[in-house]
Amino acid sequence: MDVSEYRRRTNQQVAAAAKRTRQEAPRNLKAASATLERREAPEGARIAAVRAMGRDIRRRPTLIDRLIALLADGSESAKLRLEALDVLQGATFLVQTFAAKRPQYLEALRSIMDDPDRDLRRRVIGALAREKDEYVHRRLLEGLEKPSKALVPPAKAIQFLGYDVHADYFPLLRRIVEQPPTASAQREAIRVLAADPKSRPLLTKILGDKDQPSGVRYMSALALQSLAPTQFEGIARKIALDNREDHRLRAASLTALAQYTEPQATASQRAFTRRVEKLGERASSPDVKRATKAYMARVRG
Amino acid sequence: MAAELGERSREEDVATRVEAADASPDQVSMLVELMRERHPVYRGRSTNATIRMRGYAMAAFERVGLPEPALLYALEELESGREPYLVAAAAKALRGLIRRERRLVPFLLRAIDNVRYHDDMVTFERYLPTWPAESPTTALAEVFRTLGWLGPNAALALPRLTDFKAIQLPPVTRAALTRAISEIQTDGVPEESSCCRRADPRPFGILGRSEPVAASGAPPMSARFEDQDGLRLTYRDFFSGRPSVVVFFYTRCTNPNKCSLTITKLAELQKQTAQLGLSESVRTAAITYDPDFDLPPRLRAYGDNRGVVFADDHRLLRATRGFDAIATYFELGVNYGPAAVNQHRIEAFVLDDNGRITTSFTRLQWDVRQILDEAIAAPADGRRSGRGRSELFGAAGTD
Amino acid sequence: MDARLTINGGPNASTAYVGWAPVPAQLSLVDPLSPGPVEVTVRNQEPQTGGRIVFALAGSPSSEPALPVTVPPDGSPVDLLIAGQFGSPSTADGDTAVEVVRQATGELLVATRLMVRVRKDADTLTTAERDRFLSALAGLNDRGMGAYSDYPNIHTSAGSPEAHDNPGFLPWHRAFLLDLERELQAIDPSVSLHYWRFDEPGPNVFTRGFMGVPAANGLLQFAATNPLQFWATASLPGIVRRPLFNVATEPASVSDEATTLALGGSGHRYVGLRDMEGDPHGFAHTSFTGFIRSIGTAANDPLFFMLHANADRLWAKWQWLHRRFDLTSASTFTPLGAFGSPGAARIGHNLDDTMWPWNQVVGGDRPATAPGGNFPPSLLTAAPGPIPTVGALIDYQGVRTPGSRLGFDYDDVPFEAS
């Protein structure tokens, strides 16, 4: 490649972009602020104005106050408020600048947790859940116990609660695994049980139960893999070689064994590897075939 | 008389008892009891619930008065806590002291550093509040209020507070700051005697190794461990024959001022031990509170990441049997939710060469050099090696 | 007659990696049996496959794909420079070779296998490159038990003023990325830290075979042979990430590359470029829901590193475009000097300051702990050293000071001598 030509071309592109930036009104902060305040302005223009304000937050932290007010303002459109939320959440990465506004931001988020707009509600709850916020935890747990109070579907609630494993919901999750409100909630509950050493027997039982749906067993495999890796390896070997087993589970087991064990380290592992090699010739599932191939590639280094 | 608070008590009932508490000795002692992590009321709760319950009770000391035995808990929270609710509660609790002492100031300044980048709106108006809440406050605002309450005794904090004037703050924090500065600057005689113009950098020295652990009963000799490499050994194997330093931690701890710092300091302790040529004279170990989760690879990664140099005499351990006996012997300041630790204090111990506790360092941050000196001075077992303290040095000199 | 070629100071395969920045090599004769100097040609392997290499005599400004060299008969070495040819990287470990051929006889004296190893646009990787990258990542994570836990522990609210919202944002993250890349290379030296171009669609990145596709609840799903399915952080398996844009046809909600490169203004100054911390960097983080959207959980998603590699690439490209490698110029980096001098920024964000956590300084103005230890070393270069300063991360190609070369390059950012 001709580097000097490349430089010339890149310079041209940058110069054109600089010109465009200067001409684009929304990037001008004053104009952007004015557009935002004109409620009759087209929504697209006001959204662009919010984004433009977001670019200037580091230099003008007081913009955060205006954006928090917009976020909390239920009379504005959800789309505009979502934009304010995204911009504010992006500004949380500016730790020092944002520190002063953080208490009000979190307070605003907690105050709009019940917003009728589904997307806004979820994103607000997600932001608080990642902060391990105690109020959002209480509300999510309440929703899991009393579905009429649920802010989000059960699977999503469990996922949000999972951001904080220093929690007391594990008995509830075990109940949900036994009597799931939805299949997705069951899978999420199993995933979060990976944080609970006491759930090892339950996870082992599910993984070994061929009557359970494949997705549920697969999630148990992932959970056990991180909670009890040695125990998982033994089970994974059996699953991998069992041609009556679920294909996806077999392929995942082989992939895990290829990634995390030394296929030639011991006599029993070598014996297992020989059986995997034969498996590759017989496997009917493309996933198992691919996983076998990858396993053998690992063996050959 | 109300029923004992215990594992089955509802959170709301605990809160009601806290709200009803007055300055009578039994009420105050009920609140002091709630400061202990091992209190049965915390068993099986989430960390968030322990923060709520403990914080609500701690804040009540502002109203009923903060007795000397509870002061340490508030100082610990200010020194190492990072939860805005608990830090705010601890700052409030200090205002229940009778004497406005300047030795409190370093702890409050430390608290500012701990929460300034992740402060939050909190409220003590009611338990389990809904939001928006009435009259919320922030951790920084409560710390500022306490500095203001100290008045001229907090003069040491003035430069820091003045720096904050230039920083954007939430209105409630800003108001507390402005008021604190003016209260500190008020002409008045500090209540303390004029003998101590400077704040002692290690105030509460006697409390520094506080909450002496009684070490009653015999060490849990038959407890079994697995180390960071999966090697198995007993308490007796590791902790007898030489003095040792043992600290407690767990890899899922979310407060970097606690477990992460403890292991970092353990690594520093190892380094200083090696510099003195004592690596083979003093053993070091860290035992996890969370043995079922902290499998050997997790222990190794956690130690490696914090500069621990592993060797036969220097290991991270998880108990595979007998953790309860360990917890009892060391009177561990820890409690558990259903899956993980829900709260714990900072704790480190020096053991003699029979695995017995000789000194304990709990709650407040321990000093690496101080604990090393204690370990060097730890009594040796005459029957086994016949080495006393001086011989330990002698042995080091010939290494 | 035999010849010996050492690359990056090492005689073995572990140092046989080059990017666009030239690396030192030495050529000498072994057991020459020759009364006078020997004329040889140093060239790409023939037939030419894999990455392409260029050669220069030390001190010479021009480099060639084949270079005539006169080698002394007494076994003393000739100093050469070897680099990948911009635009022609390798796709596999040792997929190319340097050949030394005696001109008089055509005899092949030595052939040294080599990889032209650079960070690439993740959307353009071969399947094998992608799979090696994923396997190394999954290995480092080790189902939540491995050394990867270090990175989320560093990138938390406690450490974040060391890394964000200050001038050192770009150098700190460059170090953070290189730290991870060196750990990945310890697992598989053929791996580079590839980047996600957030200002372009990523149809090959957001797939089950690569960075995953979200299920209805945002939890990523992976192909049966993708080891990222075993990814675990913060006690739990899995990654939650849902794009708020169409990954196959749209970029994230960020300014495009040219607009970002224009942030330095007409003076091309760092102080302006630094605005990229908000847009595109912050906006890229919030173009998704899930882990990557909050500071405390962002590094639990391996996409974090690919996002930041792109932010770093944009800085690198700007540096190349405007020749911003001079450490005495405030246009290259501001503030110059160290913490405490007039006009200085927060500690850790001035040119001469050391950076946490690698400096292991804790307490006071720094966080309470410094997980991860000193900066990991490399076989290819001594830079940036165990305790890097902000300044040590700037001249990453060794444009001004060859010794400051950090051992990585981007596929679309060439090396040009100053």
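Going by the order they are written in, the chains are A, B and C; count residues from 1 in each one.
Please note the rule applied: contacts are C-beta pairs under 8 Å (C-beta built on N, C-alpha and C of every residue); 3 or more make two chains touch, one makes a residue touch a chain.
Note that the structure is a prediction, hence the values are computed from the model and not measured.
Undergrad: Using only alpha carbons, which chain's centroid is the nearest to the whole structure's centroid?
TA: Per-chain C-alpha centroids ranked by distance to the global centroid put A first.
Undergrad: If I rank A-C and B-C by number of C-beta contact pairs, which comes first?
TA: Result of the comparison of A-C and B-C: A-C.
Undergrad: Using mean CA coordinates as chain centres, what's the subunit A-subunit B distance in Å?
TA: Those two chain centres are 33 Å apart.
Undergrad: Nearest whole angstrom, what separates the Cα centre of subunit A from the Cα centre of subunit C?
TA: Once rounded, the distance between the two centres reads 26 Å.
Undergrad: Let me have the rounded angstrom distance from the C-alpha centre of subunit B over to the C-alpha centre of subunit C, please.
TA: The computed centroid separation for subunit B versus subunit C comes out at 41 Å.
Undergrad: Would you mind listing the residues of subunit A that make contact with two or more other chains?
TA: Correct list: 95-96, 165, 195, 229.
Undergrad: Name the residues of subunit C that each touch 2 or more other chains.
TA: 142, 144-145, 157, 160-161, 235
Undergrad: Can you list the residues of subunit B that touch 2 or more other chains?
TA: 117-118, 252, 293, 295, 297, 340, in rising order.
Undergrad: Contact residues on subunit A for subunit B in the complex?
TA: 61-62, 95-96, 99-104, 106-107, 110-111, 113, 132, 134-135, 137-138, 164-171, 195-199, 227, 229
Undergrad: Show which residues of subunit B lie in contact with subunit C when the two form their complex.
TA: For this pair, the touching residues of subunit B are 82, 117-118, 251-252, 256-257, 260-261, 264, 293, 295, 297-298, 301-302, 304-307, 340.
Undergrad: Which stretch or stretches of subunit C touch subunit B in the complex?
TA: 142, 144-147, 149-150, 153, 156-158, 160-161, 235, 360, 362, 367-373
Undergrad: Can you list the subunit A residues touching subunit C in their complex?
TA: My answer: residues 1, 3, 6-7, 10-11, 13-18, 20-21, 51, 54-58, 86-87, 89-98, 122-123, 126-127, 130-131, 153, 155-156, 159, 162-163, 165, 184, 187-188, 191-192, 194-195, 222-223, 225-226, 229, 248, 251-252, 255-256, 259-260, 287, 290-291, 294.
Undergrad: Per the contact definition, I'd like the list of subunit B residues that touch subunit A in the complex.
TA: Spelled out, the residues of subunit B in touch with subunit A are 44-49, 51-52, 85, 116-121, 128-133, 136, 138, 167-170, 173, 252, 254, 292-293, 295, 297, 337-342.
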